[in-house]
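Two complexes follow with subunit A in common, the first pairing it with subunit B and the second with subunit C.
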Partner chain A sequence: MRGPVMVSLLPGITLFGIFFLVPFFVLVATAFARWGGLDFAWVGLDNYQRMFDDPVFFKAFGNTLFYAAASMFIQVPLGVAVGMVLALRPRGWRALRTIIFVPFVISGAAYAVIFSMFYNPRSGLLNNVLGALGLSGDRDWLFDTATARWAVAGTFVFIIGFVVVLVMAEIASIPNEIYEAASVDGATTWQQLTRITLPLLRNVIGTAILVRLLVDIGMFDLVFILTAGGPDDATATLALYAYRAYLNGEWGYANAVGSVILAVGLVLIVTVRRAFRIGERAL
Partner chain B sequence: MRSAESVAAAGKRPRWAHVLIYGFLGAVALLALTPTVWVMLSSFKTGNQIFSGEGFWPSPFTVQGFVDAFTQIHLHEYLLNTLIYATLGTLGALVAAFLAAYPLARFVFVGRNALVALFSLALALPLVGLATPVFFVVRELGLFDSRLGMVIFYSALQFPFTFIVLRAFLVSTPPELEEAAMMDGAGYFTTLLRVVLPLARPALATVAVVAFVNIWNEFFFANLLLVSQENQNVQLALAGFKSQFGFNVTGAVAGATVVMLVPICLFLILQRQVISGLTAGAVK
Partner chain C sequence: MSKSRMTTTTATVAIASAAAVMAGVAGCGSDGGSSASDSSADTSGDSGEIVITCATCQESPTDPFLQYNYEAAQRFNEEFAGTYRVETIENANAGSSDDRLQYYQRLALADDLPDLFQLNSGEIKALQETGRLHDFASTLENDDEWAATFHDQAFDALMGAGGEIWAIPQQRDAIGIYYNTELLENAGFAEFPATWDEFEDLAAELRSQDKVAIAMDGDWATMLMWVNLIGTQPGGAEFLREGIVGSDNWGDDPTVVQATERLRDWHVEGYVNADAFSGEFQNAAAPYLTEEAAMVANGPWFVNTNLKTDSAAPGLYEKTGYAAAPGWSEGDRGAVVVSGAGWVSGTTDEQKLEAVETFVKFVSSEDEVLRQATATGANPPVQVDAAAAEEADLEPLATGLIEEAAESTYRYPHVRVHGPAGFGAAWKNLWPAYVKGEMATDEFLQRLTDDAMSDQTG
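Right, the complex of A and B next:
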């Protein structure tokens, strides 16, 4: 059995080793080097020193956390609420679930095209609707430092399909008897939702936050295509900041930033897992 | 699924509750879909109407944008590349993951748990952090800006997710059938192919759809690893469309619509697979 098992594991281990493990070790090592193709020299902590001296890095860091917060405090709660309401099975809930899920399968690049049109100061739908309502309809949402970050967050906070289906699946696994007993005791639908369902969703809410945080910490496509990080880096993210260094041929520096991205991801994940007590069921 | 019905049946809801429920769901759906629907409708508009921003509905109605998307932007070339990447990348990930998931679900050996944990970790990290070293490794292997390289890379990128879902599925199925087959003298790979594979078909279908859509929508690594226009995928084409707005806006908007419709249609047809695949991947 030993032989076949080894052969069986080989393709997976090879793919994983070449494209995840090797890059990971290259990243960790070269984060302490000046490296740009042919040029290579160990520089100790210089890359990190430079990072912490660069206000743009902190701007990108802050924006990344801003997007993560938008997901955590707008997108996920909204998705949980919609999931709970849909789980009440109002007439037409299947169709509504489909409609609300569809935006989730559209790519970041497509959203960049959609929202560069939607936010367009002259021909965009947003300003036309606002103008028709008699509100000021000439703001350049994406390229005004006051609104740029919010405009970017607005492209994804309503894409809640994933949270909705997670929540609905979890609610479906709650035993019937609990609700029957509550009904017998005279609990209203509202009481059942807030006192029974919501507490039982803790785990899945944590999972939804985790999955979303992962996307936000690595956020790139939308910002890169939509604003290229502008105006004045008001929408830039860590991934975009690292990418700029890569384009400049400063690979060591890009990798130091990359290590921060991975570390932030790890810290947030461990924190959320603890806070929501995820993983208490076995692997 | 049963429990919710009892909540619904718990009492007939009053009229105001219905108004509240549908008002809320309608508002959310409107916020989530309006920009996308508006852009899709815009792909039937003339360039003049798009630039003027007048009117929600196309007037006059035209399919010139779709003609431009194929004749001028050559969308079909990007579509073909993406189809190759998504199909073969999914297949590669599926084969590698299935082969690895089976022994890691069934047998106990030294390093098994470490290997499972390692594969799972890749799904829990923001992989864009690895951009530069991935570029470096791919280039050193001679796979930079190549279709074959992209297929192999996407197989690797989708491997952790595919592996985790398949392994969880296999762990939850009883081993009796395989044991019986092996007792009858069937070898490891015969058992895997004749007994386990048919058993795992629903799980394979589920992860395949999700992996396909993921690769179809992938932008970051395509942008990093492809330069020639002849190798680019549709997401790179979309990014290019933004700069096309100036001279061929109708083609760009119609092209974006076509690119979006592929995963949307897949989802509408295979809704159950997509939803259960995503749910399984997240909860594991």
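Right, the complex of A and C next:
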């Protein structure tokens, strides 16, 4: 019995080894090397030393955390709120759910192109609307260091379809008897939402935050297409910073940055899982 | 389910799964489509035909240079049928892009470079370090007649420090400034300005008429104007040829400081389109093509790729002029002169090299360079008979600028072609912040030098 089970696991283990373990060990090992394809030399902690001496790395790190915070404090709460409202099944909720979900299935690259037109200071919709309202309509949202990060975050924080669907599915699984009992006890709709529904969404909110954070710490395509990390690295992310090093033939350095991204991801997974007690039963 | 039956089922699933993985792995190994060397492995078939691979010879509805290469390869295959044949590799990195150099560097490491492809001079400098590029010097030495057909200095940007010739130039172009004659006349300028002071007078007048004086993009077109402002000062051309790769602070050169501040001031004064920082050339092209802007800097290929397309306002081509850059003083005009991309080879196989050399001689023949000039608007790297050139009906804007550039006081290379490989990314990152007043000129130029020369990460 044990032999066949092991054999049946072999394909999965093989694929996991080839496509995860090998790249993982290459990344971690070469982070301690100067490696540009043409040369290879072990350099100890030099890559990390250089990274921590580079102000651009800290800018990229700060920006990555900023985008993660935008997801955590704007995107997820907004998605949860909308999901809870739609779960009450107001008139037209099905159509609304579909409309809200559509942006989630549009590729990041396409989204970036659409928003680069939206933010265009000469012909973009945003400045034209602001101008029509009598407000200053000549700001270069993406290439002004004061607004660039916010403009980039503005492209994704309203893509809440994924969170909305998660929340609605979770609410649908809450036994109706709980609401009936609360109703008999005189609880208002608001009280039911805040004292029954919201606490029972703990698991799914934690999961949504975790998924978004993991997407955000590897954010690349949106930023690359919108601003390429500029102006003056005001929008650069860790993934973009690593990509620049890779383009420059500094593969070992890029992998050192990649290992930092991995470590940050690990810390986030552990922290969020603990904070939201993901996996523990809510009822 | 009985225990024995379950065991049998599990074993069957396990064997089937293992077989599927093995088939998948084997499948991975058998995909040779993306490998340059795989497709060129059959140097000669039973027919004795020598097959070489070309990674920049694919059909392209949007890139006239690739399309020309494709058609030239077909003509070559017809003319040399049975002896040599060019086989096209479909290559997503065939056109100019930030990823192109990395792509070829990876192939070089795997000793899998295509037999034929194209690179610009900056990329050649980086790729020759792999030691995988063929040196065409001996080919040119052994064929004086062919070598003599090339324009003077045609190989300058394509040579190594030891006199190696890493590429055969595909073009030799002067790059100037396109201008809308009607808008200039409306602003009181019957002729293109001769000096930068006059240029600024014109820009101010256009600004007062709610027109953009000169359209830029934060990348290619902006850099062209930066180079023009540097190159038209005494010593500027030397900086663009040598200082830009040798100096550790470009801010030490007064020509660079003056040029940089003047270009910044044009943005501050509102002479330039507001969306001039994205790095997308479309942001520069659109205002000119819609007659919102009076001028835009670009090479002769702009005619076929933009001016003669449906994107351009009706009649715009007819009212477009093309001029060398103004000068800092009367009579000191200048123009960027570039060799553009060159044909390079990554093969070491003697028979394939013979085919490669035959191909580059074929595409630099008078017939082919004139065909290319007609198709792309780019000018030949070789001298052609005046009567043949006239008969070929070359783009008059481009040929006119070639003549004007020859008479100009200054000729200089473009920084994107001749400067450090990291220049483009560094410029795009820092230029918007500098223009918006977030750093002083000396800080901008020091950081630009550092980022462009050392690396792109910071």
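Convention: the second predicted complex is superposed on the first by the 265 of 283 C-alpha atoms of A that agree within 3 Å, B and C clash if a C-alpha of one lies under 4 Å from a C-alpha of the other, contacts with A are read in each partner's own complex, and residues count from 1 in each chain.
We take it that a contact is a pair of C-beta atoms (placed from the backbone, for glycine too) under 8 Å apart; a residue touches a chain by one contact, two chains touch by 3 or more.
Everything quoted here is computed from the prediction, not taken from an experiment.
J.: For A:Ile159 in the superposed arrangement: first (subunit B), second (subunit C), both or neither?
T.: It touches subunit B, and subunit C stays clear.
J.: Of the two partner chains, subunit B (first) and subunit C (second), which one does A:Leu15 touch, if any: first, second, both, or neither?
T.: It touches subunit B and subunit C both.
J.: Quick one: is A:Gly249 in contact with subunit B, with subunit C, with both, or with neither? Answer first, second, both or neither.
T.: Second partner only, subunit C.
J.: Pick one for A:Ala69: touches subunit B only (first), subunit C only (second), both, or neither.
T.: Neither subunit B nor subunit C is touched by A:Ala69.
J.: For A:Ala181, decide between first (touching subunit B), second (touching subunit C), both and neither.
T.: Neither partner.
J.: Compare subunit B and subunit C by how many residues of subunit A each one touches, and report the one with more.
T.: B
J.: With the two complexes superposed on chain A, say which partner A:Pro23 touches: subunit B (first), subunit C (second), both, or neither.
T.: first
J.: A:Ala109 contacts which: subunit B (first), subunit C (second), both, neither?
T.: The answer is first: A:Ala109 touches subunit B but not subunit C.
J.: Would you check which partner chain A:Leu135 touches, where first means subunit B only, second means subunit C only, and both and neither mean what they say?
T.: neither
J.: Examine A:Phe143 and indicate which partner it touches, taking first as subunit B and second as subunit C; both and neither are also allowed.
T.: So A:Phe143 only meets subunit C here.
J.: Which positions of subunit A sit in both the subunit B and the subunit C interface?
T.: 1, 4-5, 8, 10-11, 15, 116, 120, 122-123, 246
J.: Applying the document's contact rule, which stretches of subunit A touch subunit C when the two form their complex?
T.: 1, 4-5, 7-8, 10-11, 14-15, 37-38, 54-57, 116, 120-123, 138, 140, 142-145, 228-234, 241, 244-250, 253
J.: Quick one: which bits of subunit A touch subunit B in the complex? Just the residue numbers, please.
T.: Touching subunit B: residues 1, 4-5, 8-13, 15-16, 18-20, 22-24, 26-27, 30, 78, 81-82, 85-90, 96, 98-103, 105-110, 112-118, 120, 122-125, 127-128, 158-160, 162, 165-166, 169, 171-176, 178-180, 183, 188-189, 192-193, 197, 204, 207-208, 210-211, 214, 217-218, 220-221, 224-225, 239, 242-243, 246, 251, 254-255, 258-262, 264-266, 269, 283 of subunit A.
J.: So in the complex, the part of subunit C that touches subunit A is made up of which residues?
T.: Where subunit C meets subunit A, its residues are 7, 10-11, 13-15, 17-18, 20-21, 98-99, 102, 105-106, 109, 126, 129-130, 218, 273-275, 277-280, 283, 287, 422, 425, 428-433, 436, 438-439, 455-458.
J.: List the residues on subunit B that touch subunit A in their complex, please.
T.: Listed in rising order, the residues are 1-8, 10-11, 13, 17-18, 21-22, 24-25, 28-29, 31-36, 38-39, 42, 50-54, 56, 92, 95-97, 99-100, 102-104, 107, 109, 113, 115-120, 122, 124-137, 141, 152-153, 155-157, 159-160, 163, 187-189, 192, 213, 216-220, 223, 235-236, 238-239, 241-242, 245, 252-253, 256, 259-260, 263-264, 266-268, 271, 274-275, 278-279, 282-283.
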